[in-house]
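Accompanying notes for the structure given below.
Chains here go by letter, A, B, C, D and E, matching the order in which they are written, and residues are numbered from 1 within each.
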């Protein structure tokens, strides 16, 4: 079990956990956190793939991808949280449940 | 060939997985967010282990820092504010602290 | 909030867990089959590093080799803040004060930390060219500093007029775009910096990006945290 | 001057859009609207020029950004298929811009609409041009956030919730897609489509990678079981936004699936995937039509009709898989793509005119619209024409795609797909003609119709007539599609 | 772009352009819209006209188009296409006038005229399209453009009608699409003269091709209203009248038939289609549809619905013709396309005028409307007669061609279908005409003070198109020999010889011996009855006179017409106009006798048509072709049945007594004397007696004749009214003549002698019967009874065959002709003939007795007979006696000598004496038994009359009761409520379920990777 494989498995596991959070937890914040955990999981896979290069400096391409990924996921999270706050101020709902009754 | 360094990696991975499971099994919102920030820090530690300093720095600053701050701000927003416009009035505060 | 909202229904919980465990098994299988030899482009990055104008491979890939990705990434960031601003009901950047009064410990901390953070941001920006660092890290620290200043009440968010805030937000992206277009006048493709100009251009882009990212992060906090005015406050604001 | 611009055309078009988007962010409503209109006009000119070049030199236009070439840098490739999709985006985009100019009252709450809309347009252009799977991820994100921003801009309760659903599912889809990209990069080491086509091999990692990418994109294209976010989003959004969402945004992720399935030879890589998508497509057609028929609100009905029509697009995959020679594969593929184009035009027209009708009648409910054709003849007529194209009756574009589907189904011997297409057409006729009958009937109480300005009545009509025109003069578009689809499927056939 | 291609382009695009202009004009500008509509239709008609002219000059066709989907979406000029395009264009021109008038007070005119123009544009597009794809595109455009017209009124019924129409049309379209694509996949689909199926394909892909053919026919069959898919046509009758007229009689439904024609002729080609064996089932289906639709039409009380079902039937005529596949049949079918269009559009126009002007929409309300709008109803009557197939109007020409085509193809059952459907057509159309002309009009229709004349037609815009189409419809029939007529044009398409398709031969008239005899009889008798009947009073004076003249010229034409079609034409004219005479007088119950007469006549006509068709396939004479045609016995049987009805053969004579009884005064003579004897002339002329012996047929005819003679005598002599006695006496006299004919049939040598004998007998009987009727008239109407009695006696004696009278000569001539019969017949006849003679004397005695003691109250009914009547009576008496003496005929000469000889006189006197004594005995016996009872109760009821009355009342019940209003069709339970799916959907929409589905699908696809 090399170091890379450990982190790869960790990535896969966290992806599923993040998906669990997104699917099961009704609170919108939990869902956003779930999304971030899934993002982190993917980045784990990418960076551990980068580590396969022998020698000190790993492959830079996945690193750039991860950096871009992090910025993008921050942007997305920022917008989602803003939307959650607006929904709360507008309707006081903190989950999507409200919508299902009167969908 | 379990060199000592490997043990550290296994430890980090186990912590990461436990943390993420704990985030989603935690009832209280505030506690989940705090755990999430902790997860962010450990992940940046993982990046350091995987020889990705740039990412570690960004993760710490953006992933843990900014996202964590935003989440905390939202939790605060959800708890402290009464709802002027909605017809649902929420008696007690946003997070129920159950055992 | 009726607390059954918090605990998901039992049946659905079990189904979800079952499914996700199965997915995990299959993902694990897929992940373990990843070939351990290097199939990436690490080697070609090393060769072209000299002509990319920067020494740090990550910055090189980010700003030169795959500059287009970063351009779109910045666009996403700008777009996110535009989205957040479009969600405001009462116009742009409410000018109300955020924190009612300065907490002595908080103000002391800000007074110490903010200068340091600005210094670190400057260093990171400069170091990004050779060592890990760069626009995003510097920007985020600058943003954190901005948030600290406004949250601690030292500065009223209305300090900068909304127009200027918007310009700062957009300037990073616009500069990057202009820098990308300039080579086209020298009969080169988009983002194909002329060799001798690569380094200065990248640094120019990085500096403006830092300011924009910083301002974007600050605005994210300020705009959506509706101003503390009397009728909203309910009990003590924690 | 012209020959200077010509080689840089793709970059210029993208730059124009991005500049306009950021400029529109900085200025007030009126000027932003002016910028948007100018950008739309320029965009149409440039895209048609690009299409002219691609057709003229009958080659795939590879534009290396940053001059680094495929493995290291990112390429923009524009072939027949992407040219057609860009043309569709340009045409529908231009009409939507003109329509929105007439639709929105110039008050401040909508001032950021133009910027979000131009960013969306830029994202679409980048997506259709990009040849790099990670770059596609960034484009998808740009597309998603701008789309959700546009949905939530109206600020009503329903729109906010719809936006929330949309962004959660879209981000989930993107992350699943990204995981797929990671796996593909892990196994092949390249991100560019052309290189992938040569280096991809059937091993668990690549298979899982493709599976994840396809699932992520299916979620973003709202194929049947995963369509839950589309109806509320498209129905509760503002009219021009729902038109753009149904006509263009949904096609973006479908286009990527199309390219992936061809580059990775999907039906060999994952046996049964093409058939699964076909079956889900058929379920989408039936479920979407049934739901559309039972809806009480006009825009919700049109949204469910989108769910149904998306089902049609995915019928092309099993047909291509079943094709034994290149000719029938090309026929099936061009059927799907032509349907994407004709549905784009028709659905765009239908949503825009639905917006006009709702604005005129004052309510979205169908019962309040009885006897509309007497008072608002042009919107009713436009709705009818768009409906005709949706049902796939001859003078319209829908008919051409239906024809291509049926002939390819017959040639490949898998006739049940043809059955699905024909039955789908009849089901569509059910809800379309229910509404048309309602318009022609006579309502209970006399209908008062508010005066609606010329622009928002004529713009949808132009789009609807275009969907009829491509029905009759569809051949040029097919000629544009054939070579590109041929080169894509050639790879698959090896 | 040659001039021809330009014209082609204009022809198709002009309607679309005018539609677009009309749409842009908006609702208010009526005048400009009318002008645009007119101009559009004019330009289109002239363009298509030029195409037709070019083709007529033998120019080559051309085509133009743009590439689409592997086909070219284009147009072509060929004869088949131009005929339909010309039809659509001209009728559009006519309907524009009509529609402007009709729509004057309805709303949404712009929408109406716009879509109207598009409909015609797509119809012309269908006509001129160059391959199956372009035809399909225009075909579906037609469906779309017709929907808003059907649902135009926006009422609940209109929307429902529209929905039904769409349901049928779209399903048909879907099936058609699959067929067209499948065919295209196999390589067919283009329109090539004799079929474009790639040569090898027929045997390799025969099952596929059959399936494709079935789909194409099903697709086009929906619009051509073939049986299972005809439901939409009656439902679409909610549309305004112009729509029903042009679209549901011409453009839309004909598009379906045109499609089928293209598929059979140009896509598959006749040989390929028959090789596949798909034509016969189609023919059977069409046949069934004809019968089914006609029966359904009977039940419809709503005018437009009845016309709709009639259209369904007529469309299936065309499909039947196409399915039979022989050149003549196809030419007839294509000609019928034009004929039916013109006739049916007139009827729909009339329905529209009736609905607009006098607000009647039901057949039961049509009483007396002819008095109110004579021109309109005249046009309607002409069209109705044409549809039934009464010569010389257009319908007959195509029906004739269809029959011949069927025979050419070696099939007989289409003949039966044609005959049956003509009867059914008559049964559901003639009552409409009957009510219109003979019904009693509503009072308020009559008083139109402000318009002056009592008759008040619809507005000019409505009536003129009506008259134009009716005129054209009736003219095309007789003028079908002209080059430009649809029949000739169609036969040029299929290469059938125009001799066959045009029923009337070039030299139809020939005068032979029996012809001259009958001619003299007809002229004299009609002259006399015209004199006596001319000054009849009552409001319908002119109507009566017209019918009288038509009947007269009918019988005169009959005498000289030798060509089967010409004979049939005059025969039909005489028979139908006789109805006018019978049903004229108000004495008869509401057309009771008239209706019975008409039913029998129509049946006779149909049988005659079938018989004549069998004999006229091929160029040589009728009898020659009949003798060596495979269906000889069938032909002879039909001939005997058809003419049997006319001469009151046993079993089919029920109409005779009531008809003669209720015939108007003075006309009875002509009817009895001439009209009925036309039957005998027909038998003589068309039975193939001379060439071959028909022992079987001979014996049947003889026995039928004898039975008729005896039966007539027996029943007749007990009748209470003189006219009924005379009727039965005619029946028995004709019985005797049939015996003569039977003898001729049985033995070919005897045929000429028998013919001339029967001819003499015919003339003698004609004059005698006419004299008797004349005398009876006088007895009934005037107190100068004294004058009439001697004449009755004289005529009676002649009939009984007293020596020195024409009767004697006729009887002897007949006996002569029977001489040649084989042994056992000869003896049998020697016994039977005297019996008939006794019967006749009995009848004559009865007549004398009745007219002697005619009771006063009957007499005073009408004005005193003019001197003219008396004079005419005298002339008839004279002819009876003297003429035969002069006859140069050899058989006559021989008969004369015998009559003079002692043995001859004795032979003649014996039956006379026995007859008189039997009568006296019966008289005495009756008086004893019933001291007081009136004589009438002794009358033996005629079983056949009972049977006919029973059938007649059944028909009445069968006929739609006025009360059966057009109740709303029970609306089917609304679609199974799909709302339950809403609940499922809303459940599906909830986030947890949806996202679990995502995870599930992700797992599913990953599992797929394992396989």
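Just so it is clear, a contact is a pair of C-beta atoms (placed from the backbone, for glycine too) under 8 Å apart; a residue touches a chain by one contact, two chains touch by 3 or more.
All figures in this text were calculated on a predicted structure; none of them were measured in a lab.
Asks: Touching subunit A and subunit E alike: which chains?
Replies: In this structure, the chains that contact subunit E and also subunit A are C, D.
Asks: If each step moves to a chain the current one touches, what is the fewest number of steps from subunit A to subunit B?
Replies: Minimum step count, subunit A to subunit B: 1.
Asks: In how few steps can one go from subunit B to subunit D if every step must land on a touching chain?
Replies: When the steps are counted carefully, the minimum from subunit B to subunit D is 2.
Asks: Using CA atom means as chain centres, which chain is nearest the centre of all the protein shown?
Replies: Given all protein C-alpha atoms shown, the central chain works out to be D.
Asks: Starting from the Cα centroid of subunit A, hunt down the chain whose centroid lies farthest away.
Replies: Between subunit A and every other chain, the largest centroid distance is to E.
Asks: Looking only at C-beta pairs that count as contacts, which pair of chains has more of them, A-D or B-C?
Replies: The greater number of contacts lies at A-D.
Asks: Taking mean CA positions as centres, which chain lies farthest from subunit D?
Replies: In terms of C-alpha centroids, the chain at the greatest distance from subunit D is E.
Asks: Need the CA-centroid distance for the pair subunit C / subunit D, whole Å please.
Replies: Here subunit C and subunit D have centroids separated by 30 Å.
Asks: Taking each chain's centre as the mean position of its Cα atoms, how many Å separate subunit C from subunit E?
Replies: Each chain reduced to its C-alpha mean, subunit C and subunit E end up 91 Å apart.
Asks: How many Å are there between the centre of subunit D and the centre of subunit E, using C-alpha atoms for each centre?
Replies: The computed centroid separation for subunit D versus subunit E comes out at 61 Å.
Asks: Got the subunit B residues that touch at least 2 other chains?
Replies: 54, 58, 62, 66, 70, 73, 77, 81, 84, 90, 94
Asks: I need the residues of subunit C touching at least two other chains; which ones are they?
Replies: As it turns out, subunit C has residues touching two or more other chains at 1, 6, 8, 12, 16, 20, 23, 26-27, 30-31, 34, 38-41, 45, 58, 65-66, 69, 73, 76, 79-80, 83, 87, 89, 136, 220, 224, 226.
Asks: Provide the list of subunit E residues touching at least two other chains, using ranges where the numbers run on.
Replies: 989-992, 995-996, 998-1000, 1002, 1006, 1009
Asks: Got a list of which chains touch which?
Replies: Once each pair is checked, the touching ones are A-B, A-C, A-D, A-E, B-C, C-D, C-E, D-E.
Asks: Can you list the subunit A residues touching subunit C in their complex?
Replies: 2, 4-5, 8-9, 11-13, 15-17, 19-20, 23-27, 45, 49-50, 52-54, 57-65, 67-68, 70-72, 74-76, 78-79, 81-83, 85-86, 89, 94-95, 97
Asks: Help me check something: in the complex, which residues belonging to subunit C touch subunit E?
Replies: The touching residues are 8-9, 12, 15-16, 19-20, 22-23, 26-27, 30.
Asks: Please name which positions on subunit D make contact with subunit E in the complex.
Replies: Touch list, subunit D to subunit E: 165, 168-169, 172, 176, 204, 207-208, 211-212, 214-215, 218-219, 225-226, 228-229, 231-232, 270-273, 276, 287, 290-291, 293-294, 371, 373-374, 377, 388, 391, 393-395, 399-400, 402-404, 406-407, 410-411, 418, 422, 425-426, 429, 433, 436-437, 440-442, 472-475, 478.
Asks: Provide the residue numbers of subunit A that touch subunit D in the complex, in ascending order.
Replies: Answer in residue numbers: 15, 18-19, 22, 28, 31, 35, 38-39, 41-42, 45-46, 49, 61-62, 65, 68-69, 72, 75-76, 79-80, 83-84, 86-87, 90-91, 93, 96, 98-99, 103.
Asks: Within the complex, which stretch of subunit E touches subunit D?
Replies: Against subunit D, subunit E makes touches at 66-69, 73, 107-108, 111, 136-141, 143-144, 147-148, 151, 154-156, 159, 162-163, 166, 170-171, 173-174, 177-178, 181-182, 184-185, 978-979, 981-982, 985, 988-991, 994-995, 997-998, 1000-1002, 1004-1006, 1008-1009, 1011.
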